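By letter and in written order, the chains are A, B, C, D, E, F, G and H; residue numbering begins at 1 in each of them.
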Amino acid sequence: MQYEIIIAGFGGQGVLSAGRLLAYAGMIEGKNVSWLPSYGPEMRGGTANCHVIISDDEVGSPIINHADIAICMNLPSFEKFEKLVKDDGFILADSSMIEPLKLASSHKKHHDINATERAFELGNKAYANIFILGKLLAVTKMLTPESIEQALYKVLPPKKHNLIPIEMKALKTGMEN
Amino acid sequence: MPERLVPKSLTDRVWHYCPGCSHGIVHRLIAEVIDELEIQGTVIGVAPVGCAYNNYEYFNFDIIQAAHGRAPAVATGVKRVLPDRMVFTYQGDGDLAAIGTAEIIHAAARGENFTTVFINNAIYGMTSGQMAPTTLPNQVTMTSPNGRDTSSQGFPIRMSEMLALQDGTAFVERVSTHDVRHIIQAKRAIKKAFKVQQAGLGFSIVEVLSTCPTNWGLSPLKAQKWLEENMIPYYALGNIKGKDIKV
Amino acid sequence: MLRAVFREDRCKGCSLCVVACPEKIIEINNEKLNEKGYYPAGMTHPEKCIACGMCVTACPDLAIEVKEVK
Amino acid sequence: MGEKVLMKGNDVIAEASIRAGCKCYFGYPITPQTEISHYLAEALPKIGGVFLQAESEIAAINMVYGASSAGIRAMTSSSSPGISLKQEGISYIAGAEIPAVVVNVVRCGPGLGGILPGQCDYFQATKGGGHGDYHNIVLAPNSVQELYELTVRCFNLADKYRMCAMLMADGSLGQMMEAVEFREIEDIEAIDKPWATNGMGTRGHSNYISSVNVNPDELEKLNQRLQAKYREVTKNEIMYEEVNCDNADIMVVSYGTTSRIIKNVIKDARKMGINVGLFRPISLWPFPYDELGKHASHVKAFLSVELSAGQMIDDVRLSVNGKKNCYFYGRTGGNIPSQKEILDEIVKILEKEDR
Amino acid sequence: MGEKVLMKGNDVIAEASIRAGCKCYFGYPITPQTEISHYLAEALPKIGGVFLQAESEIAAINMVYGASSAGIRAMTSSSSPGISLKQEGISYIAGAEIPAVVVNVVRCGPGLGGILPGQCDYFQATKGGGHGDYHNIVLAPNSVQELYELTVRCFNLADKYRMCAMLMADGSLGQMMEAVEFREIEDIEAIDKPWATNGMGTRGHSNYISSVNVNPDELEKLNQRLQAKYREVTKNEIMYEEVNCDNADIMVVSYGTTSRIIKNVIKDARKMGINVGLFRPISLWPFPYDELGKHASHVKAFLSVELSAGQMIDDVRLSVNGKKNCYFYGRTGGNIPSQKEILDEIVKILEKEDR
Amino acid sequence: MPERLVPKSLTDRVWHYCPGCSHGIVHRLIAEVIDELEIQGTVIGVAPVGCAYNNYEYFNFDIIQAAHGRAPAVATGVKRVLPDRMVFTYQGDGDLAAIGTAEIIHAAARGENFTTVFINNAIYGMTSGQMAPTTLPNQVTMTSPNGRDTSSQGFPIRMSEMLALQDGTAFVERVSTHDVRHIIQAKRAIKKAFKVQQAGLGFSIVEVLSTCPTNWGLSPLKAQKWLEENMIPYYALGNIKGKDIKV
Amino acid sequence: MLRAVFREDRCKGCSLCVVACPEKIIEINNEKLNEKGYYPAGMTHPEKCIACGMCVTACPDLAIEVKEVK
Amino acid sequence: MQYEIIIAGFGGQGVLSAGRLLAYAGMIEGKNVSWLPSYGPEMRGGTANCHVIISDDEVGSPIINHADIAICMNLPSFEKFEKLVKDDGFILADSSMIEPLKLASSHKKHHDINATERAFELGNKAYANIFILGKLLAVTKMLTPESIEQALYKVLPPKKHNLIPIEMKALKTGMEN
């Protein structure tokens, strides 16, 4: 089993930490994992992305040329990464941030989910990233929510551990959507 | 009231700077000054390594991208061989006050007849927020995580005062970008610096106190306020040398 | 008529123009994101604009011009 | 056995240096390795060490020169243009025979270039970017785990041979997160440094550290001593990895980030019935000339895959010494070759060789 | 035909630069090449040129970068440690594709070393002492007359290819006096420089000089363009001298000062009935690989003689590609091998090869 | 009157300096100060590139030979890891005021707790007489053959004044070697600088106006006179910072 | 008796001691070169030496000591 | 014909200019010549030397390992260069500057000439170098005095040409000694 996943969006949408969470959870489940952020002056442009690989085998290059899954949290990311998705891969798109028309015109398989809106309903649009991760787990069954929870304890500093229940709620809501 | 269009000396490309970053404000000022002095065709700018590394994409006149800190040396090379052109360097505080210390001081001491616009935002912007020589005492940065501790990390350098000491320096002024009134003053200083160069009087520099909202971790508005309340007390605004020059 | 014109595609929603305007007629539009993902600024009462250009001076992103509009 | 943690490569280099007994770090910010200094700015003061952001890369390497002369383990890190600025200092370290650890998280050049991964500083690192006859030990990890192990090794080798040991990573290794386990890999020997200039105290004679000698015979002796030392290092410290080499039709030579890709290529190729071997030099200097060269007897050709316009290929040719054809495939500018590109290249080469 | 005059090598480099149309010199004092700046401090102002003593070697190379960007012929000179400091600047010149002439009057390293002649900066000059994939044209004169001719050639090639051309001399060539004749050797073409940043004037568009590109595809294109240019230079600009090569038993490869000694060795050897050939690369980059390699068919062995611990020998091996054995003989520290030492070495090698 | 023997902190090797050169005078002063403070065993000196490049052969305590201009960085490295040792740099004006400008200024700004002895002889001695940043207007050197022309070759830099501006600098004094009275004052200043370091007060520097008879083309006696008549008017003697420190 | 002692082998004949001596008893010996090729300094009237050490302070070459002589 | 000559003495004795004069004269007579000074910090030591080669053939290395002739104008030079003189070569020694005992103990052939004294008699000890060159011409006949005279016109700046007759007188006196 090997998943090559690109997660992309605006700075502030938490795409890097979503990727990190995924990688950590993968490691917890005994997989080989890698996580690579976009770095450098690109950050100025206001967009960010990361490449996450979760694999039973050794991970080759951490840089993804062709993704199994692209999680696109905004329009520029959708436009940029759509073409990198393998023919048998798919896109997870935050339809709160991307015009339906654009999504509709895509040749690639895509799951649309209004993550930002739903996260807003859950109390904070910052949970959009974890909400969409829930969807990812639901679609692929690649990792269990329990691993994500364990990863949250590793990734978040102790003083933020009180937020984990809310994060998990967002994850599960995402899984059910 | 006159029209306020995009200056001729700017291209129409969208800038990569973060929201509220002073770089954009100063770019516009420089372009306006060049338009007003009608020198677009004779200007050669020297871009630094720093967030403004690619300002040749934004300025609509000749520009040379220089190695980190070496803009004054590059400008010296240009101005020496083309003394009738207008030459300026655009440099950040890491560029000018750290790695490029020797180059700027010696350009000043030699009285090189070019102008420097010095963007002092008290931090390394481009490399994501390390301590600069101009970082204030106790200011938190990525490399002063508990605030700059002057006992182990030293004291901020006041570059303008040091450069004003050089006999080759004709004009030095420190300005700010934290509100419109100060931005207007900043433009006046930049214009005067260019005129000092036109008159062949020697080295001229304008230090522009600037914000880096991103790496200060503040909103653009809070950043302007932080600048006003923290930087200005340390870096006194106003003319430091050449006040009486009439150009 | 001379007045401020906002170029939303360049705007980064920094609000510097908001505080710069003496007429207090600039606001950030929190409803829509522009292509770059920012909430752009605009005038609440364009007719009150005195074309002073303070916003132009304040704007770090060349997102405002003062010019003749019909 | 330590626990596995998921860490960023740059953070691991920083943590490794502390575990190796590094007491001071001097550096100047540059992407893509700034995290090393962020980490150490926090961590070193906590253990009574020295973190100092220098005014430039040149100052930083000379601070290392000072601290190392005083007998203390010291490190600096930078990336390509910053490493170029350190060349005079590195040559001094060689001439003065003091230990030093230099990390280069390579980006892509020349000039200001870009910040994405590159391997285009190979020549600079292995042939001597500075003036004079000298070598640095150059170790090239290809995983975050190796960033840990080889950083520690750099400190040990630097002290052992009183020379500069360079860790050569790239932007991708520095920025990526991977699992790492901080296992106890080597005793950090407390090597005696009677030569250190740490104050003569009761030593009875003064020490000095210097690389200058205006007497040609004495300077030649220094050079002979250096060369003898380099031969010693070459005898003892060569490191490499071989994957699927025994029955390989073609031997791919690759290090660092690109070597990871080759491991996947090997699998793809097997599906096509092609046996690809990977020879991965870990010590770029000393280069495993003989170890690589001996494969010339059984493979059809060699292919050097690099993130450069062709640099290590020279050392591959020197290893093979005309016995087989040596090919090159490289990408630059921050682009990384895909498995497919490399496999296509292999197929092309084998067709040509079989003709 | 000019008159022969007796001049010091360093003075000739300076005079040659003026005759080549160099309008400005930026440098920082270092032995053994200070006379270049003494000469130009007098001469350049007289012709309306610019002589400027910079605050450092780094400033000097960046002043050259500035003046060259403005379209004016510019030069800097230094010696080993100073050249190390210029590596970042040289890499920028390569990336920005501007012409520049850099003179290295090599001394002996590493570190501060000594000021006597050396050839130990060969790797630095030819493989790229700076970061990134780039090359400089490197010309190595062996007489004061050639100092003149090759200096002029450096300016012409730098302009023609928009790259850095390095004149590689040594302390002995720089300090010695020999007869020189300033014959008109080449038209100093006034090469058009539409790319220069000299003020946009009526040009209608702005120019910029830059080596940075954060887009990997574009940066890769720049690198491909550079590599294509280097191939072009390799095709057109290789220079070498052959002495007594046709019937040689052994081919000595040597450049600069040491190649002069070999010429005497050839005579000594002939008395002993040994036929020694001298292959002298004049362009060290591009290196005459094929031209040297083709001699592998008829000589018994190759011997690289250098004032180093063995650097050019790598290129000799790459030329010969395993067809014959390649040997090395070198001296360091400022010592120069005597004719006898070299001849003894040759005898030893031939005995071994004949065995 | 006490005996005046060769200081313990000097070896007995014959110096390579030219007749009348100030380097020798200052070497002796430093050694005497170290003997008097009884710190020979804890001193680590940093030698420059310049005529004093090999002073480790003359000084009888630990010394590190540094790259040209980088002595302050080397000293920083040493002092930071061995804060209880006494560290000093010995630097010429080419070394300190040209190539090493950034290093000395930043050491001062950081308040590095070491001492610098700065030999200002207004010329590059070692490389046979080129213009230094401190060369006087109209002074003839190998690279200012018609005298330093300030309009094209710039103005001499007063390093001590610039360094005194830095908040990390504790003590700055300029002294001279042109006669015995001044040599005695010079020693007093060097001793005080070392004591400032002992007290941990920050960066201390003594600028010693010095002669280079060889490259000035003057006899040793005429050189001393030239120094007095030409250098002192430009480089005012006396304490510049830290006069009131009691150590 | 305490007085100046000259180490001719170290002397470079620079004359700095000559002008430094308050008793004016030091002179350069123009008759003989030392091994290094310099005309060394020495005292014309050793008995007049007051052991003040001015010459020691002035000497750049460690060529004079003031010490007990018989 | 090939002469490898080392000229050595204290700084100020004019050893470098004597060598230069010799080389220039050689060039004027159509020979291949080279001149190489000692350089760098050695100058501080107060001694100087240069290597001069005058040859019908191309000149190989300008650095002399074994000299045909060593002109030693002081004791340290004599001690340093005596051993570099070939067995069939000789030394020209300024006996005003070198103790007779030292000269007498040399195994190498040597011509001793009290050049400095004689130059002093001619008005200036600075002529010792040219005086000793005269001796060299007399012993070897390697160059004609006319070439030296022509060389003087090349080597000296015009404002010093008035000194050439005195220099030539010194040369000729040297030849006759």
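One rule holds in what follows: contacts are C-beta pairs under 8 Å (C-beta built on N, C-alpha and C of every residue); 3 or more make two chains touch, one makes a residue touch a chain.
Everything numeric in this text was worked out from a predicted model, so none of it was measured.
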{"item": "Common touching chains of subunit H and subunit C", "value": "none"}
{"item": "Pair sharing more residue contacts (C-beta pairs) when A-C is set against D-F", "value": "D-F"}
{"item": "Approximate Å spacing (C-alpha centroids) for the pair subunit C, subunit G", "value": "85"}
{"item": "Length of the line joining the C-alpha centres of subunit E and subunit G, rounded to whole Å", "value": "52"}
{"item": "Residues of subunit E touching at least two other chains", "value": "31, 52, 55-56, 58, 81, 88, 92, 96, 111-112, 115-116, 210-212, 214"}
{"item": "Numbers and ranges of subunit H residues touching at least 2 other chains", "value": "40-41, 45-46"}
{"item": "Subunit B residues counted as touching two or more neighbouring chains", "value": "17-18, 53, 65, 67, 98-99, 101-102, 106, 126, 128, 133, 153"}
{"item": "Subunit F residues touching subunit B - in the complex, by the definition given at the top", "value": "98-102, 105-106, 109-112, 133, 150-151, 153-158, 161-162, 165-168"}
{"item": "Residues of subunit A defined as touching subunit D within the complex", "value": "20, 23-24, 27, 32-37, 39-41, 58-63, 65-66, 154"}
{"item": "Contacting residues of subunit F [partner subunit G, same complex]", "value": "1-6, 10, 14-15, 17-25, 28, 179-180, 183-184, 213, 219-221, 224"}
{"item": "Residue ranges of subunit E touching subunit H (in the complex, touch as defined)", "value": "4-6, 31-32, 115-117, 171-172, 175-179, 257-258, 260-261, 263-264, 336, 338-339"}
{"item": "Touching residues (chain side subunit D, partner subunit E) in the complex", "value": "58, 80-81, 83-85, 87-88, 91-96, 106, 108-116, 118, 120-121, 123-124, 127-134, 210-224, 226-227, 308-311, 314, 317-318, 320-323, 331-335"}
